[in-house]
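Chain naming follows the written order as A, B, C and D, and within any one chain the residues start at number 1.
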Amino acid sequence: MEPNKIVVRGYNLMELIDKYSYADLTYLLWRGELPSKEQSRMMDVLLSVCLEHSLNSPSVDAVRFVASCGVPLQTAVSAGVSAFGDWHGGTIEQAAKLLQDEIRVTREGQQSLQTTAEAIVRRFSESKEKLPGYGHPTHTADPRTKKLLEVANETKIRGAHVELAQHIESLTDKYFGRRLILNVDGCIAAIISDMGFDWRIGKGFFIVSRAPGLVAHAYEQMYNDKPYKAARWDEVVYTGPTERKIPGT
Amino acid sequence: MEPNKIVVRGYNLMELIDKYSYADLTYLLWRGELPSKEQSRMMDVLLSVCLEHSLNSPSVDAVRFVASCGVPLQTAVSAGVSAFGDWHGGTIEQAAKLLQDEIRVTREGQQSLQTTAEAIVRRFSESKEKLPGYGHPTHTADPRTKKLLEVANETKIRGAHVELAQHIESLTDKYFGRRLILNVDGCIAAIISDMGFDWRIGKGFFIVSRAPGLVAHAYEQMYNDKPYKAARWDEVVYTGPTERKIPGT
Amino acid sequence: MEPNKIVVRGYNLMELIDKYSYADLTYLLWRGELPSKEQSRMMDVLLSVCLEHSLNSPSVDAVRFVASCGVPLQTAVSAGVSAFGDWHGGTIEQAAKLLQDEIRVTREGQQSLQTTAEAIVRRFSESKEKLPGYGHPTHTADPRTKKLLEVANETKIRGAHVELAQHIESLTDKYFGRRLILNVDGCIAAIISDMGFDWRIGKGFFIVSRAPGLVAHAYEQMYNDKPYKAARWDEVVYTGPTERKIPGT
Amino acid sequence: MEPNKIVVRGYNLMELIDKYSYADLTYLLWRGELPSKEQSRMMDVLLSVCLEHSLNSPSVDAVRFVASCGVPLQTAVSAGVSAFGDWHGGTIEQAAKLLQDEIRVTREGQQSLQTTAEAIVRRFSESKEKLPGYGHPTHTADPRTKKLLEVANETKIRGAHVELAQHIESLTDKYFGRRLILNVDGCIAAIISDMGFDWRIGKGFFIVSRAPGLVAHAYEQMYNDKPYKAARWDEVVYTGPTERKIPGT
């Protein structure tokens, strides 16, 4: 950046804007290079698919409570962003790490994806750890996964990571006794891995995807609802010790 | 600060620790001088009185939701602190500003506190604005106000600002048709004003006072409750448009 | 939202993704309706134009310091978002409020935009208040303003608010003795006002626009720089009292 | 909590305030029981010792940048709290975990603390991992450690964890070729472990200890400094690709 000129990764930002969308520029910022037409389409879908998930989301609940306290819009959004932890969007990173590590192993060992998948599912079922990117508390067939795979096929972005992810899904019945669906986090993880993204930027997709929704919830809470939204005192269940005397009184 | 030595407002921190408490050092940081014995006692009570208010508090609710997402302890506490807005602790500042402005006017105009109080209450009842520091959604006689006033009397810290605050309270029946109690925010505001604090640091008292409680709630949520606490999808009431077709499809 | 189905403002999110971009869906979330082709183009440019402004931005500096402390990616981004205050992105809201208020006045009074503009500039120059949306510390001709106006013209979105904003700019020489350029905040404010957005959601544009950049800075700090980035102790200038003895020692 | 009554861990908060300090009440909130006289003194020192570390601290730097943007006081403090990550205060938790794990091993194996200490230092020196709680970038003899140990001795709170921590320190010369001092984080970790605190609440001590300082820095930045504090554009070193043409233009 210098006076009257803003350059992003070597390109003049104003010239970029004539030919590239917001999703393309996000790709440029995170990868250092401009996307192809196929990568552009995939990127836009990746950023759109998690847009909104209603109040059934702890980050949105946090936004609502903070927004009710008489704070500026960005403060409430900031609290929501801070909630994108290991169990709320963070699975993208864990799943992408797993897939990227295992594809490396597969290639080095020159083994089949089927073999790798079987080893993974067995390992997780034995250790009783959660398999990151599989299962969903609400959806039994995550519509977002279906759409993402459709676009990954169309754009020919689909590669070894997606294939491995699907092998894993198909083996969950056998090892876990029930189908653990490839959920939206796992599917995003597989696709961004096939696009060449480092797993450690995985949460960036969730942050950008959810940002407009957090803004909308903060706005709605601030201007269309009552201030000071808190659990009512008579709804709260106190689980501490019963009332007692202070020693020596 | 320099290697092997930490100096706070001119005093060596390690020497201070032998003679002064945490509340005293907070006073030193915020005022630049050490407190007297009376100021020390008052300060400690000011920082203790808002310690905890259960889940009946939007900041605690925000802490709980964020803490459930798989984040470090400080992230959840940070979200709680961000919620101390105009309607949640912020009243301390608004009430302290009102009292400090009005005491200045009273002194300049050489008028009685009774006259000033009457002018204030009349103004707020006519404009139908909320009188900052008065009324409480849960308490009808805020036990924290009683304790604060007791200590302010004992330590002789009580001065013109507290007196004005009490005059105002006693006039609410006449002008609002019901008693608006001097609540904890209003009482803290009056006392810190009598102690000479700038109203703009008022929220600092609330932040420090509530910090241990936010830590306790974050800890409890993280280690004694289930992860991923969100409103259930079937509890959420959707108020948007009914389902509709995309134009052109 | 219900199992296996996500509906946004009445539309099925998965169907939307086939025809609408991320910027379009942001428009839908914030307005409740889908954008026209022209609104779609304008929206995308609005979200792209503030993408990145290097370390010459306090939010980016905050992200860098927090990211250096051993925290998850989203924590650093959250700190950056929290910095979008009145003087950092917030001008969008102040400028949009001014323009929307004054266009209302203009229409009600059936006066010319030139008259309104003159009244505004005179008022601000007399009160010596900062005119929100005008002037820039680094740019003398903000390239982002130029691009935004170009697209607003092409899409025919440009209306009374943009016109008023330009009248104001042209009068700054006369009233302030120097040209105060219409900056990117002021220009966004004018355009979103012509698009019908409430000024109170103005900061949402800045948040979404800057989010990918904050992610990129957090990532770069976490993985390509040293941990624990702090001002060095010998760079810090202590301005407090000189060292002194504790009373009574 | 119920109308007109606030009960903390079974005790009436207002009655507590007559006999217990802020530090005592923090102990009660975190442990569920009231402290003894010795625990009370130790607790107060634990909360005071990290009070302030000037701008030589990334959380304070973050507070300063955010506070400069035109945000409420608590927003800036919140950003500072969010920076208390693994490398900034977080060492308390890592060191306390290490000490608590190893004391358990020592007791189960009925081995001497000297043996345990030797095994730990050898392990860390071989793996070249950072030994949590040892070494400091600025201090060669951390004055805070000295004070903490002095009080831990006086109050007889010092126990096996502190002893182990000191054994480790004395072995660093032999295994690392230089003295790695027991720093303030490591010393707090040892003492709270001897007091029976779970290592996972370790960061709570740092949060509460630093809160008044963050408030003071936010206040100073907001009211005694210029707004919009950012790295100057000509101080920033751009390390990306040199300017280049967009493909196809």
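Operating definition for what follows: a residue touches a chain if its C-beta (ideal position, glycine included) is under 8 Å from a C-beta of that chain, and two chains touch if they have at least 3 such contacts.
Every value quoted in this text rests on a predicted model; they were computed, and no experiment measured them.
*Asks:* In this assembly, which chains make contact with subunit A and also with subunit B?
*Replies:* Expected: C, D.
*Asks:* What is the chain whose Cα centre is as far as it gets from that of subunit C?
*Replies:* D
*Asks:* Using Cα averages as centroids, what's the distance between subunit A and subunit C in whole Å?
*Replies:* Measuring from centre to centre gives 25 Å for this pair.
*Asks:* Would you mind pulling out the distance in Å between where the CA atoms of subunit C average out and where those of subunit D do?
*Replies:* Between these chains, centre-to-centre, one finds 36 Å.
*Asks:* Using mean C-alpha positions as chain centres, tell me how far subunit A is from subunit D in Å, no decimals.
*Replies:* Roughly 31 Å, centre to centre.
*Asks:* Could you list which residues of subunit C touch at least two other chains?
*Replies:* Within subunit C, the residues that touch at least two other chains are 1-3, 16, 54, 56, 71-72, 75, 78-79, 82-86, 90, 138, 233, 236, 238.
*Asks:* Take each protein chain as a node, join two nodes whenever their chains touch, and name the resulting shape: line, ring, star, complete or other.
*Replies:* The chain contacts form a complete graph, every chain touching every other.
*Asks:* If we count contacts the way the header does, which residues on subunit D are in touch with subunit C in the complex?
*Replies:* Spelled out, the residues of subunit D in touch with subunit C are 54-62, 65-66, 68-71, 75, 78-79, 82-88, 90, 137-138, 227-233, 235-236, 238.
*Asks:* Going by the contact rule at the top, pick out the subunit B residues touching subunit C in the complex.
*Replies:* Touch residues, subunit B against subunit C: 1-3, 7, 9-12, 15-16, 19, 32, 34, 71-72, 75, 78, 82, 233-234, 236, 238, 240-244, 246-249.
*Asks:* Can you check the complex and tell me which residues of subunit D touch subunit B?
*Replies:* Subunit D reaches subunit B through residues 1, 3-6, 8, 13-14, 16-17, 20-23, 25-26, 29-30, 44-45, 47-49, 51-54, 56, 72-75, 77-79, 81-86, 89-90, 138-144, 146-147, 151, 198, 200-201, 203-204, 207-208, 211-213, 215-216, 219, 222-223.
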